[in-house]
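By letter and in written order, the chains are A, B and C; residue numbering begins at 1 in each of them.
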Amino acid sequence: MAQDIHPTALVAPDAQLGARVTIGPYSVVHPGVVLGEGTFVGAHCELGLPLGGARPTGAPEGLLIGAGAVIRSGSALYDGSRFGPRFECGHKVTIREHTVAGENLRVGTLGDIQGDCQFGDFVRLHGNVQVGKGSRLASFVWIFPFVVLTNDPHPPSSHCLGVSIDTFAVVGAHSILLPGITLGAESVIAAGSVVSSCIASGQLAGGRPAKVLCPARIVRDKLNPARKAYPWQAVFSRGLPWEGQDYAAWRARHPDTGFPSIG
Amino acid sequence: MAQDIHPTALVAPDAQLGARVTIGPYSVVHPGVVLGEGTFVGAHCELGLPLGGARPTGAPEGLLIGAGAVIRSGSALYDGSRFGPRFECGHKVTIREHTVAGENLRVGTLGDIQGDCQFGDFVRLHGNVQVGKGSRLASFVWIFPFVVLTNDPHPPSSHCLGVSIDTFAVVGAHSILLPGITLGAESVIAAGSVVSSCIASGQLAGGRPAKVLCPARIVRDKLNPARKAYPWQAVFSRGLPWEGQDYAAWRARHPDTGFPSIG
Amino acid sequence: MAQDIHPTALVAPDAQLGARVTIGPYSVVHPGVVLGEGTFVGAHCELGLPLGGARPTGAPEGLLIGAGAVIRSGSALYDGSRFGPRFECGHKVTIREHTVAGENLRVGTLGDIQGDCQFGDFVRLHGNVQVGKGSRLASFVWIFPFVVLTNDPHPPSSHCLGVSIDTFAVVGAHSILLPGITLGAESVIAAGSVVSSCIASGQLAGGRPAKVLCPARIVRDKLNPARKAYPWQAVFSRGLPWEGQDYAAWRARHPDTGFPSIG
């Protein structure tokens, strides 16, 4: 049950560290941080950055990180957010305040989450994804590298129209999601798209602006054309709750997956 | 008037720190750095990196940062640049040498400014912007995420044709500005554009390659169609000199805003 | 022959540091790291991150870095990779395990190499390039900012079809290389392209999807139209083995440049 706090780590006396927490060298843990049991924090991280930055605005609201998290080196997480169990992030990630995530959110290296965002369970962001303020991603959404979720319809303005993405949707690399759009459940956006309008559930869309091309379910597996590629959850399970099981049977037992799981 | 230098910060004896400067844990301040009064430097920063890197080329030229700056954690600024008052940068920003900025430049998280660049006053770069060597941005320019300002017309070559952007211009997310192009004052580039030729003042352009679509002033506010969205400065003022005032009246008193303000 | 290890650097006792190695403040060097003579490591780096991350999988495989390397601040390199002499990387670079590089690989600031990648000699990646697992880049390849080398044909899936790029090829900024494609020797991809099929040697391709536009050798130098821009190696030599020599004569003495040089 021993913790492993590197002697150079600077941990505020009132931070709450669960059993078997590891904190790497030269990391900083501010007041108000709560790290669940077994959480690993790499080197050069900073957790619980005060709201208001250079001019802190008061007592910490708390940064709550559930059990079993892995926070890789160089990452900075602000005060005022909370993450369900088994949160994982890559290196050099930045997550601003008032972000709420369910179970097992994964944020890739260099991810930049700008605050006031909501994530369901098992959301996966690959490296170099920027999630603008006010975005809402339901459970099991995948976002690939260099995607940006914008929020300002005619920048600069005072409007903040976050993007909403429903369960099991997939957004290909280098796509731009324009302010306020919605992606339906199980929709798939091709790499390099500019999505300027809402995409219906189960559709594959692409282009600039993105147009619906076909139902995603007609895409075949490139290396095994007898198999469908989408909906992906029927053929891919690594690290997901139905790993080693039949997806349909698992889903039948979990009919309400999605935004409602956000705490 | 007390400074707040964290005991783990490594500050060169000949660095000059103004009153009320804060330096966070594990940051490094090299010789030749001058930090204006009230400047905040977060954790894990490095200021005044020697020119020549691994093989420093001699005595420092000086990194001059005006009063009231906010330099967030993980940022690295080279020797040989200077920034006007109230410079702000996000996390994990990199700024190479011989960059000159006016008042209140803001560089978002993961910004990468490659040196020999000029910025007027109140320029705003959102996160993940890469500004190539030799770029020139006049006052009040806005650049949105994942934009790249290139400079090599047929890479790799020895040419360096920086981009020039005039006052109040706006560049939407994920746009590519090709070498040597000029964006006119108050021009607006739609997200995801490839700008391969000069865009005249006040025009909205978009596409690949970007074409002029219409005068920007005919774009209406999405949430309030009775109001124009551009020129943006008539409807947006947060953090800008005309905040709380009528822009036109402010401008009448400041007719010479732009490149000339670069020191 | 003196080393210059900053007193705050944490160097594992069994790391092997060659003569004249420099390690900057607050950097961490794990067991199994071997740094060649004259290597420079900046501040806030972490070298030899254990495989398995939070749950290390056993004894280190070794991170071998050849002589004369320059590893700039904030970079993180995993155990289990090896780099030939004169490796250079920018700031805040991340390189995962089982990457093998020849001589003088250069990776720009914020580069993200995801592991199991092969690089020939003198490969150049500008800033903000993401190289997916399983990519293969032959000698003298250039990749410009915000390019992504993908590997999953219909994400998410279990397939990993890395991209292959042959000698002297050039990929312009913000391009997307789709899974499994091959770029021929001396091919040139225009900025902002989506490359979904193989591009033959010596061709200039661009667009979404990228189409062959013309042989690259008909592109003229923009500032000196009497001169061809490609093949670039005939007109550009900075930092390359034929610097100060005639390229054709140099090449005649080195006919086997390319993948075979990967050790």
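Keep this in mind: a contact is a pair of C-beta atoms (placed from the backbone, for glycine too) under 8 Å apart; a residue touches a chain by one contact, two chains touch by 3 or more.
Please read all numbers here as calculations on a predicted model, not as lab measurements.
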Original post:
Just how much do you need to spin chain A so its Cα atoms sit on those of chain B, in degrees to the nearest 5?
Top reply: 120
Original post:
Between chain C and chain A, is it the same set of residue numbers doing the touching on each side, over half shared, or a different set?
Top reply: different
Original post:
Where the centres are mean C-alpha positions, what is the separation of chain A from chain C, in Å?
Top reply: 28
Subject >> Set of chain B residues in contact with two or more other chains >> reply: 26, 44, 74, 92, 110, 128, 146, 174, 208
**OP:** Spell out the part of chain A that touches chain B in their complex, as residue ranges.
**Re:** 10, 26, 28, 44, 46, 49, 53-55, 74, 76, 92, 94, 110, 112, 114, 128, 130, 146, 148, 150, 153-159, 161, 174, 176, 178, 194, 208
Original post:
Can you name the residues of chain A that touch chain C in the complex?
Top reply: 8, 22, 24-26, 40, 42-44, 70, 72-74, 90-92, 109-110, 124, 127-128, 142, 144-146, 170, 172-174, 191-192, 208, 219, 221-223, 229-230, 232, 235-236, 238
